[in-house]
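Below, subunit A partners subunit B and then partners subunit C, in two separate complexes.
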Partner chain A sequence: MNNEKKLVVAHAPYWHDGSKISTKNYNIMVAALPAVLMGISHYGAPALGVVAFAMACAMIWELIMNVAMRKPFSIGDGSAAVTGLLLGMLMPATAPWWVIALGTFIALSVGKQIFGGIGFNPLNPPLLALAMLVISFKGVFDFDEALRHYDLGFIMTYPLADLKYFGTEAISKFSLGDLVMGRQSGAIGSTFGLGLIVGGLYLILRGYVRWEISLSFLAGVFITALLFNLSDSNQYAGPMFHLFTGYTLIAAFFLVPEDSSSPANFIPMLLFGVLAGLMTVLIRNVGAYVDGVPFSILLLNLANPLLDKIRPKAIGKVVENA
Partner chain B sequence: MIKRSFLGLVKPRLQYSLVSDTVRELPVPSKVTLLLKEPGNGGGTTPPKVGDAVKTGQKLSASPEDAEYVIASVTGTVSGITPYVDGYGQKYTAITIEASSQDEWDDQFNKELTLDTVQNFFEYAPGNPSFKAFADPEKRIQAIVINGMEEDLLITTNQYVVKNHAQEIKSGIQVLKKITDIDRILMAVPESLFQEANTTGAEVKTVSDIYPDGLPHTIMKDVLGQVVEAGNAPEDMGVAFIAAEAVAALGAAFDTGRLPVTKLLTVVGKDGATTNVRARIGTPLRDVLQVCDISLSDRDRLILGGPMRGAATYSEELPLGPGTDGVVVQDEGNSAEVTDYPCINCGECVRICPVKIPVNMLVRFLEARLYEDAAAMYDLHCCIECGLCSYVCVSRIPIFQYIKVGKYELSLTETAEAE
Partner chain C sequence: MLAYALAAILLVVGVVCYAAFPAKTPEEPVRLMFKTTAGKVLFDHKTHSADAGYGVACDDCHHEGDEPVACSECHEPDSEVKRSDAFHSQCKGCHEESGAGPLECSECHVM
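On to the complex of A and B.
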């Protein structure tokens, strides 16, 4: 038996389609690039600093948590980098370093690792961090205040804040073209609508993002905003304004479809997206916050396990007591 | 290996291979090994012994009345009797026969057209047919489906038989009709083989060439419009599945009076090249690989069956069984490695599952060894074992293996409760 070859035994299947978590995450980062680059071209080195520092911090926190929790190192899979990148994209270019360090700590440890790491987080980590930061440090996320020293050649007031505090007349100065092309003030990576759409479509076509969630979220925002607008167009902005301002687009393509905190079945995905969109506009129009994205999605994240119970009957399933 | 396409929006479509016309005949090997299932009651009265002379086509079993037997595929002398346990814990007695160059045919097979004869001589036929369901009064078989599709990707054995041995299938169908008194005989074939299949006299149904549409459960649903309930087999619904190869072997045996002793199989090399080979049942895999010019090196994989549902084995000394439709060799670089990453809930498996199991939830319960909950709440028993969930898993979780373990563990508790 000495000349026997040592063969590797494993269970079927012996084929795999070659997908990997790291590939998926690298693709998400690539898809986010257009929006990030636009932010960097607007705000210069500080924006680059925020994004790079957020990514670095996120990866370091992940590593520290890995060591502290005696788990295998998982920074190679790119998910911490994606979390850091997304959180950086949600921040203004002037965010101080300690807010970034704290935010990434919340995202990685409270948002992800204490639940068991990748795949176990019930809430979207960057959004959880954002929500806590927005509540704790209002000034940092008041874009009018934070970006007051910038004059980039377009209207430098934050569209959603104008809408909230000055009503629909104040937003008539924004043209849709400017909003789509990123000529609006806001967070580093969330203002360039076209770039986010291109990145999002790339992810959808590559199958890295569930189109059902993205599109139903946009539909939810659109329909709710439209209904508000129809009921009183003097008080409530139109649907296109809501689609292209604030965090709507980055949420639709990068935040709502986050794997672990969103449903996997068809009808739940649609419900999840539509309800998140509805909540977003509700908070914007009648709630206390300027932008409702972080809170609406976190709320729906909590409903996710319940929503995902709506599923087709498995073929062959025997229904007892029916 | 078929990789994920660049555009990942649509589900991957895995196509069955199309059949080629050539088949390579293997010479009679110097020795064969036959795996005899261990009888339930322990020792038999007349087990084969080392030194016994056997003839080609001779029935070997632990005792004459035992339901488990093998058919000697060569003429020669028994040179070894060793125990063997397969990957799922099934115990066998491995009977090794040193073959002589001349075939001497055994004359026990009497060509009498009864179910008894078929049960007595064809349970070890190529294609692994089972005729037990016909004799079981509880099953009430009303239709027979001759499966001209394959159990797995890359394999083309049944298609080859349909294409080139339609005449033998035709006489096999006559035999089946005669012994079972069942008139409804269907045949599931890919569309390209409709013509050939139509000459056999069976009611021909075409099946799509997308995996897993060739599996019995899927054929039941798509072709017969009957859904097999969780945990049941098609036989429980009154439909018996027999591989086309087995029917052809049955037909040929009753035409010629000689029991089938060869098995047709598809051999897939490291570069993905496929060859159809006909060899004596029990031929060591080494001989098969040699004929196909495939050399193994350390850390390769040698898979009995196909790439989705086969079973990797540890030695090239192991024999071909009557159910071995294919042998796939994979080198290390091409092998899919699994990881211990958790499920990230991306939903790929949920979308690809042909029976709509919530695999994302199921795998969480299986990982936590909550098998009963997995079966009760998340449809473990609905699984038809196609392996597509593992194929698409981004985290590369061995989902299929978890499912098999879960089913196995549950079967153990069920037997324990029954006793």
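On to the complex of A and C.
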């Protein structure tokens, strides 16, 4: 038997870190834990309820979709649990149960299963659900309104809303230290900057997240915000403010680098991240929404197949990129 | 099996948290969100009333009855002094008098 390799057919760089999908997903959950725990310590049982209910609902919807589509049960791979966890982290602690049930249904069915399940989704499932919920139920995601009964000992107005509606003067009250340490109002799992960075670095070092996408996204946010700030510092906030507020950090490490909705080649990965960061700040500074994260990333998700065609490789040539 | 057990536990935890800790309105409001046709207005009730804040006395605003009642109890859209007129005169009047606080529409109202 001649085992000599004659031809390798490859259309994208592949990498394998040696672990199973379930191991990867349980590692993502562990990495998200610091940010989730900070959210629960701030908002208490309601925040725990949102996160737990979102994870449970996501797993149940996955099971129901598996049965409906006559496919093997896949909740054991932890993918649905991660989707539920991430969606829960993007919610305010006061989110009603039916918003969670609806959001997880959108994420698991429209966002994932109808495309064929894990690995086939063209859009990021938690972000698709978030975008649809934000458009449909504005009041639920108005953090100033949703968290109006909470007094946690720090400034409780939502930083990005202050910036959008009252300009840079209104955000001078926020210190960078407070923003990094999660002493800011916002979604359950998106305010603790340091925890998200530590979790993100862990995922990058373990090879579960591509650093190219995370860092280029942060660079895109930083550079765009810096350019806006340099053009008019009275109207536009500085780059550090944009990095540590809203959904920026959870997006950088847990949402933008999601496997099947992000590119696989080196230059497309950089472009994908930078453009998503650019769009995020554009929407924040000149768009209609307070935070541009869900829409900017979904838009780039749509461009993902095109981005991956940049510098196409001849069939048979393996791209070493792992 | 671990995933099924995890789903069941999380479901129980979620349902218990929602059932046992429903969203409650505190007796004395922290912040209030007034929804108006000209956009929402977030009012920091605690900062206005606390001694460490602006120290406004309760009856400076809640001018009827022994116990403070909500503004909208009396000031309805079709009452003699409409809710919007009452708020505008109360908020802006006090801000002008004390020389502090927002006066322009866009400093309070957000769309």
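Note that in this section the second predicted complex is superposed on the first by the 292 of 322 C-alpha atoms of A that agree within 3 Å, B and C clash if a C-alpha of one lies under 4 Å from a C-alpha of the other, contacts with A are read in each partner's own complex, and residues count from 1 in each chain.
Keep in mind that, in the parts below, a residue touches a chain if its C-beta (ideal position, glycine included) is under 8 Å from a C-beta of that chain, and two chains touch if they have at least 3 such contacts.
What you see is a predicted model, and the numbers here were worked out from it, not measured in a lab.
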Inset, instruction - Determine, under the contact definition given at the top, whether A:Met279 touches first (subunit B), second (subunit C), both, or neither. - result: neither
Inset, instruction - Could you look at A:Glu145 and tell me whether it touches subunit B, subunit C, both or neither (first, second, both, neither)? - result: second
Inset, instruction - Pick one for A:Ala251: touches subunit B only (first), subunit C only (second), both, or neither. - result: neither
Legend entry - subunit B versus subunit C as contact partner of A:Ile28, first or second or both or neither: neither
Legend entry - Per-residue contact with subunit A, leading partner among subunit C and subunit B: B
Inset, instruction - Please work out whether A:Ala187 is in contact with subunit B alone, subunit C alone, both, or neither, and reply first, second, both or neither. - result: neither
Inset, instruction - Could you say whether A:Gly116 touches subunit B, subunit C, both of them, or neither, answering first, second, both or neither? - result: first
Inset, instruction - Name the contact category of A:Tyr165: first (subunit B only), second (subunit C only), both, or neither. - result: second
Inset, instruction - Could you give the residue numbers on subunit A that contact subunit B in one complex and subunit C in the other? - result: none
Inset, instruction - Show which residues of subunit A lie in contact with subunit B when the two form their complex. - result: 4-21, 24, 77, 116-120, 204-208, 210-211, 259-260, 262-265, 308, 311-318
Inset, instruction - Show which residues of subunit B lie in contact with subunit A when the two form their complex. - result: 1-4, 6-10, 12, 87, 153, 217, 221, 227-230, 232, 296-303, 305, 307-317, 328, 330, 332, 335-336, 338, 341-348, 350-351, 354-358, 360-361, 379, 381-382, 387-388, 390-396, 398, 400-401, 404
Legend entry - Partner subunit A, residues of subunit C touching it in the complex: 2-4, 6-8, 10-11, 13-18, 20-21, 23-26, 29-33, 40, 42, 46, 106-107, 110
Inset, instruction - Would you mind writing out the residues of subunit A in touch with subunit C in their complex? - result: 44-46, 48-50, 52-57, 59-60, 63, 75-76, 78, 81, 94, 97, 100, 142, 144-145, 148-151, 156-157, 161, 164-166
